[in-house]
Amino acid sequence: MDDLILIGPELAVLITGLAVLLLDLWAPPSQRKTIGYAAAAVLGVVFLGTFAFLLPEPRMAFGGMLVLDELALFFKRFFLLAAGLVLILAVEFSDRLKAGESEYFALILFALAGMMFAASANDFSILFVALELVTIAFYVLASFQRHRTRSLEAGVKYLILGALASGFLVYGIALVFGLSGTMNFTRLAQAPEAVLSSPLFELGLLLVFVGLGFKIAAVPFHIWAADVYEGAPAPTTAFLAVGSKAAGMVLLLRVLHGAVPALVDRAQPVLMVVAALTILYGVLCAIPQQNLKRLLGYSSIASAGYLLVGVAALNAAGLSAVLYYLAGYLFTVLAAFLVIALAFPNVDSEEIGALAGLHERAPLLAAALALALVSLAGVPPLAGFFGKFLLLKAALAAAGGTPGLYWLLGVAIVGVVISLAYYFGVIRTMYWEPHPPTSPSSPSSPSPPCLAVPTPMRVALWLCIAGMLWLGVMPGSILNLTDLAVQSLAPAVPVP
Amino acid sequence: MQSLSFIILCPLLAAGLIALVPRNYQVVFRSLALLSTLLSLLGAIRIFAGFDTGSAALQFEEQVAWVDSLGISYHVAVDGINVGLILMGAVVAFAAVCVSREITARQKEYYLLLLLMAGGILGAFASYDLFFFYFFHELALVPTFILIGVWGRGEQRNYATFKITLYLSLGALVALVGLIALYLEAGHQTFNLWSLARQLEADPIDPARQRYLFPLLLFGFGILVSLWPFHTWAPLGYAAAPTAVAMLHAGVLKKFGLYGLIRVAVPLLPAGVQSWAEVLAWLCLGNILYCSLVAMRQKDLNLLLGNSSVAHVGFAFLGIASLTLLGLTGAVVVMVAHGFLAALTFALSGYVRQQTGTVNLDHMGGLLERLPFIGGVLVMAFLAGCGLPGFANFPGEALVLFGAWQGYPGVAILAAWGALILAAVYMLRAVRVLLHGPLPERWGKVADAPHLWHKLPYGLLLAALLLFGCWPRLLTDKIQPCVADIVRRAEAPPANSAAGLARIALPPAAAPALARPGATDGLTASRHPR
Amino acid sequence: MSVGLTHYLVVSLLLFCLGLFGVLVRRNLLVMFMSLELMLNAANLALVAFARYHHNLSGQIMVFFIITVAAAEVAVGLALIVALYRQRRTAHVEDLASLRL
Amino acid sequence: MLLAFLGSLILWARDATGEPAVTWLALGTGTGGLQIELGLKLDPLSRLMLLVVTGVGSAIHIYSWGYLHADRNRGRYFAGLSLFTFAMLGIVLANNFLMLFIFWELVGVSSYLLIGFWFARPAAAEAAKKAFLTNRLGDFGFLLGIILVWAALGTLSFTELEARLADDPAALGAAASVAGLLIFCGAMGKSAQFPLHVWLPDAMEGPTPVSALIHAATMVAAGVYMLCRVFFVLAVPGSVALELIAWIGGVTALLAALLAVQQNDIKRILAYSTLSQLGYMVLAVGVSGASRDPSVAMYHLTTHAGFKALLFLGAGSVIHALHHEQDIWKMGGLSRRLPITFWTFLLATLALCGVPPLSGFYSKDAIIARTLESGHHGLFALATLVAALTTFYMFRLVFVAFTGPAKSQAADHARESPPVMTLPLLALAVPSVLAGFWGIHRVYGAQYGAEPAAAGSWAQQLVEPFAHAPLAAGAGLAAALMGWLGAWAWYRAALQDPLPARFATVARWLRDRLYFDELYERLIGWTQESLARLADGVDRWVIMGVAVKGTHGTFELLGRLLRLAQTGNLQTYAFVLVAGVALLLFLVMAR
């Protein structure tokens, strides 16, 4: 029974997902939006419910396969919040889905459940199952607009490459299991040195890293990201950017610091190289982008690189910074996608040029997108700045022992400066680029009509803006949470 | 009202209010902006007047813990160095809002961003916490970008916005890395400048490390101040910026980098500054001589002013590099003086542009006939720009030259050439081309500032220049004790400053070797987590 | 000759490589997808062999998980490919390049 | 503005007669290591100089009133004039180097503003710019000299410096000559000594009262005053500065006198004459090293201020009467039409030429005598030659402009200026005539510790030069006479200049001012301009072009190239992924 209580939030989410599917059978089509909002509300309740857990120390469930600690709780809240906002976005977007709106909501909930399980995973089998739950849900979510070739194409590409990565992951798990004889992280952490130093074990871990790297879109496993981000429906992309990346991240942290803490030092060079390449690739490819969603896809690759900088620092400050960065990323990216969903009513054109004059048509949207981009670029007073600040600080603190980190820092700084160029390019388009020449079909309307922003979206937008500002200006409280989470993950990790 | 937070928060709160007011109420925006900057200005004057001259202690201190785990706190205070800068910032901010009359489109966003910029920079000058110091400065980055982009002018506007933004953020990031590294090297878990200064005096950072840390701050801050050869953003950006932004940026914001060097880099990294001072001294010639020469060739008044402003900050750099009481005091005076001067010149060029629609010097001439007031002020401002006594720039530049002579006579000679000759050449050339000569017919309708209210911002800035020019003691007496403290630190050899610790008996050669963590004392043991 | 762990592993590795090779060279989406399933099954074989070697059932449990997940994946994947085929009348990867650069 | 001016005029008038009781007004603006005081130093030197400045200044202020009464920018004019007077008094009273420098610069700027008063005339605007820049060139050296003195002696106060140098004459060490010459640079700019003399003739573009006050009587003399003020720095033993100063003064005097011979603009002739006389004064300073008493220079300065101001005001009166005609070859016969102007002008000319018993004779004779006393025979010859030339060109001017037939319509209809202009002429004529008897050199001499000689009777003073140094007095007189004869012979009734016909090349060279302007234009202008061109080119192409745009372009190109990896082909993607895995495995496992 205890076990069930510990996975209570997951169960609640799953039940909600099933309920949505069931309700859909009876509810008239006009009520489907209400179902979506209701589901979002339930997520809100579950989010608040997670604060009922008081964890003086980590608790295990199902024979140690699941663990509930501050880290897991942090990520569960993170996923719940993200999914709630994505649901609101999805409701707004549902008109463009053409069919199966409720299934769309339910799939989001199932993916959410997978992410929440991932946050608690303490066993390779749970890791695999949770990850696949997320991935399979996303195959469908990505290709949900079946009438759009682009959406289908995104789904198929994600499917093939995701399955390929899963293949590597599973084979890696098999190798790790084969050499150590256990799937459990806690037990793996006590594996003898002989096992840990075996090259085959290392190979297995690397293959696991391939699977996780695919999720967080780290170079060289990033190749799917831009295409899928561009093709998938906006809510899917938003959830993919925030949720899926965070799920990959939390699993990476669990494996690295929970399962093989003895090997982290040897993982550092790999992490550093991957981080540097990821940042560079992301920012460089983003420079010439014209499509906003694709731009955000590359930007999310770059963000993965920054997150890996924090991981590569290998200190508590770095991990804390990763969590903080992700929290800021949540509000930032969701704000951007909320705006994308509203500002591009015509789904087939997400060209940046179409945003010209947005500040007149919808000042709130323009301001929100501008704030989001500024935050992504890492400029005060927004969340992205403090995240990057913490990352820099952590990496610098660790660099005394590892000079390679100085190079990584240099790359990171160059990356930030380049990224400013393209983020600010979008702001320029919104605020002072002249309107695109009006299409010949409607020469009579010199400026497009004002965009209406529905109330739930407005609330969600304000929530995101408030979140960005809160994390940027009053970092204290969240920082305490992330510190707690990091301590629970690995007391062994040195605290500065 | 005699509170630093009041000065900082006035513009920021007004910006918040403006965000909430619907955009139909055009008149509200301007009034709110004027009111808030005026209040800020009054507050700054009260602080300046109430400042206890001759004391090196912090005054008007306010401190609120912010992020305990990182040692970040909101800590504002003034000492002799920043009290003048804050006053200058407040005056320029008020004047900038005053001259924004020319802005008619999208006033809401304009004033919101302008106030954000003003509040940010005032906060940066007042902050005694490295984090907030940086944070407040960066507040201005995005407003600068949008303000230049939307209300800017000229064909190169887009290029200029991106150039200025990228340069500034690159500099800021490099400086940020330097600041964080400083925080970590100090190992006291605090961003508070005051306690850092105290602790580092007793237990300085290993000189070898200082030598690596200092260039980060030097070039980081240097890019922000357009240190040669990272200066090309400045003229271009100022030429494209709307008047008020050019005033605030060239006048106030740019001083942040210099302030950072004086406030953070020089006192906290004495060994670093000693080994890099010579490089800085020669680099600043790039500003003073080279940029003056470039200014001589400009056809666009704003480009000329931009280059001249780059040249002028070279003196502040030279003052810093001299590491003498005179030089550093001079550098601070130059900062204040140039703040007023740059704001004034850009305000005037903005007026000329508003009236004639161009700042191309080839099309100008004889405007003094039509603009007796503006032209007269312009002549005075330009004369101030060539270091004429009676204006605040003269005491600053003279002190810098006197100070620099002690360490770098060669540099001082060349700098004096730049100050006395080159500056006069391009400034007088501008006066000649702009104001003197016959009046072309097409400027027959150009009108002077009509009444007192319109003349106010120019008069205010000019009065400030004259006040501090005729009576530099208002500044120097306040600056002196603080700078004396800095110079004492910079001059003291590292081994001596550790007098309070057990390392006193060690020969100098052994001290650096032991300064590594673990070997010395409990404080340093926690420096490096791994 | 007794069949030992090594043999299983070699076979599993061969299977894995076959699958990988298939993914890399075949142009038909369906065949690629089948090759991917082959990779999963290679892992299954290795897991079962290791479980037997360690006398530890968790490997076998993992295999069940994988089979289940693979089934779900195939269901979704086939549906997707069929949907694509219906729309584009092709299942070749070259024709699937509207999202690029 | 006019009311304010009247008020200040009354103050000056009182100043001119009264004597301030406070000798020191010290307000520190000090920062450690550099104590600067805003102090007044009132000693015999400054007291008499005050009289000169305020006396001449008052006369010229009144004169200006009439001269400019039609100009609607009078306010600006008098503001500039007041600023100038303030700054000039500051120079006179400054008690330390930096204060001196500050007022020095202010004087320069007020001169700039006043020369450029008619800013709409391109020539005036250019002249103003040129004057300021040339002065700046001198100030550059001056400031460096000040810094050098401060670095060596640690103080800038004249009193302290003098005391310190008296204690230890070698305190300046090797820098003595350099410091002295650098300080002299300042005087060179302000007093328009060769080679920085080019600005003064051009400065005549300003209103004539300005030329009288600033560019004849006071400001240009400030250089000489400054040299006398800081004589103790120049005269330290071992310094070669004075020797050089003497020669530069001599060369300037000769050069300017030569150039004056072929000028046709009335004000330019006077300007070159000023230059020449300033050369005398500087020469006087230079040759006073041995006697440690440059009072002769001050003596000449004082008398010169009077009669040169008078000359300029006379010229101004002429110009005013002729509606701004300045070419002497378009004048003629003015002695009848402008009697007051003519007679005062003639008096001043005689004084300038050194005709006894007018003031110029005594002061000039003192200088010539001093060259002999100090053993500078070359300079003695030079000074005598210049005296001859002076008479020549001055009487050329007088003959051409005032006698003979009227050479233009305007000259024929000229009418005497109003009393507000002629009264100052008369007032200034008094010192021009009598200043030789007032014992001015004794007042100055007291400054330098000369024992106060008993003031003799009028008659004794009248003939003193002949008693003191008969050779010098005689040579001076002879030179003046020769000059006069030359002018008489050639210009008595000339309708056009006979010299160009006889000595074509020389005349053209002289008229074109020996091509100094062109030379400087080429040398300095060209050098600086090409440097600026170079810097601008580097800025535009190297830094902004190659470095900045290059970096930008490189990243953009890299981005476009990298993007090509995203072909859109699933097979390629799979290959990239697998290749990435393989690469990673290789890197890690190979280690």
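Labels A, B, C and D are assigned to the chains in the order they are written; within every chain, residues are numbered from 1.
Operating definition for what follows: a contact is a pair of C-beta atoms (placed from the backbone, for glycine too) under 8 Å apart; a residue touches a chain by one contact, two chains touch by 3 or more.
None of these values were measured; they are calculated from a predicted model.
**Student:** Comparing C-D against A-C, which pair counts more contacting C-beta pairs?
**Tutor:** A-C
**Student:** Could you please state the distance in Å, as a whole number, between where the Cα atoms of chain A are centred and where those of chain C are centred?
**Tutor:** Here the centre of chain C sits 26 Å away from the centre of chain A.
**Student:** Quick one: report the Å distance separating chain C from chain D, using the average Cα coordinate of each chain.
**Tutor:** Centres of chain C and chain D (C-alpha means) sit 97 Å apart.
**Student:** Can you give the whole-Å distance between the Cα centres of chain A and chain D?
**Tutor:** 77
**Student:** Just how far, in Å, is the C-alpha centre of chain C from the one of chain B?
**Tutor:** That pair's centroid distance is 64 Å.
**Student:** Tell me, which residues of chain C touch at least two other chains?
**Tutor:** As it turns out, chain C has residues touching two or more other chains at 20, 23, 29, 32, 96, 98-100.
**Student:** Which positions in chain A touch two or more other chains at once?
**Tutor:** Within chain A, residues 156-157, 160, 164, 226-227 contact more than one other chain.
**Student:** Can you list every residue of chain D that touches 2 or more other chains, as numbers and ranges?
**Tutor:** 563, 566, 568, 570, 574, 578
**Student:** Could you list each pair of chains that touch, in label order?
**Tutor:** All chain pairs meeting the touch criterion are A-B, A-C, A-D, B-D, C-D.
**Student:** Mind listing the chain C positions that touch chain A in their complex?
**Tutor:** Of all residues in chain C, those touching chain A are 9, 12, 16, 19-20, 23, 29, 32-33, 36, 39-40, 42-44, 46-47, 49-51, 53-54, 56, 58-59, 61-62, 65-66, 69, 72-73, 76-77, 80-81, 83-84, 87-88, 96, 98-100.
**Student:** For the complex, give me every residue of chain B touching chain D.
**Tutor:** 163, 229, 232, 236, 290-291, 293-294, 296-298, 324-326, 329, 366, 368-369, 372, 376, 379, 383, 386, 388-390, 394-395, 398-399, 401-402, 405-406, 412-413, 416-417, 420-422, 424-425, 428-429, 431-432, 435-439, 471-473, 476, 480, 484
**Student:** Give every residue of chain A touching chain C within the complex, in rising order.
**Tutor:** Touch list, chain A to chain C: 124-125, 128-129, 132, 136, 139-140, 143, 146, 149-150, 152-157, 159-160, 163-164, 166-167, 170-171, 173-175, 177-178, 181-184, 226-228, 230-231.
**Student:** Over in the complex, which chain D residues touch chain A? Could you list them?
**Tutor:** Interface residues on chain D, with respect to chain A: 555-556, 558-560, 562-563, 565-566, 568, 570, 573-574, 576-581, 583-585, 587-589.
**Student:** For the complex, which residues does chain A have touching chain B?
**Tutor:** Interface residues on the chain A side: 314-317, 359, 363, 370, 374, 377, 379-381, 385, 389, 392-393, 396-398, 400-401, 409, 413, 416-417, 420-421, 424-425, 427-428, 431-432, 475-476, 479-480, 483, 494-496.
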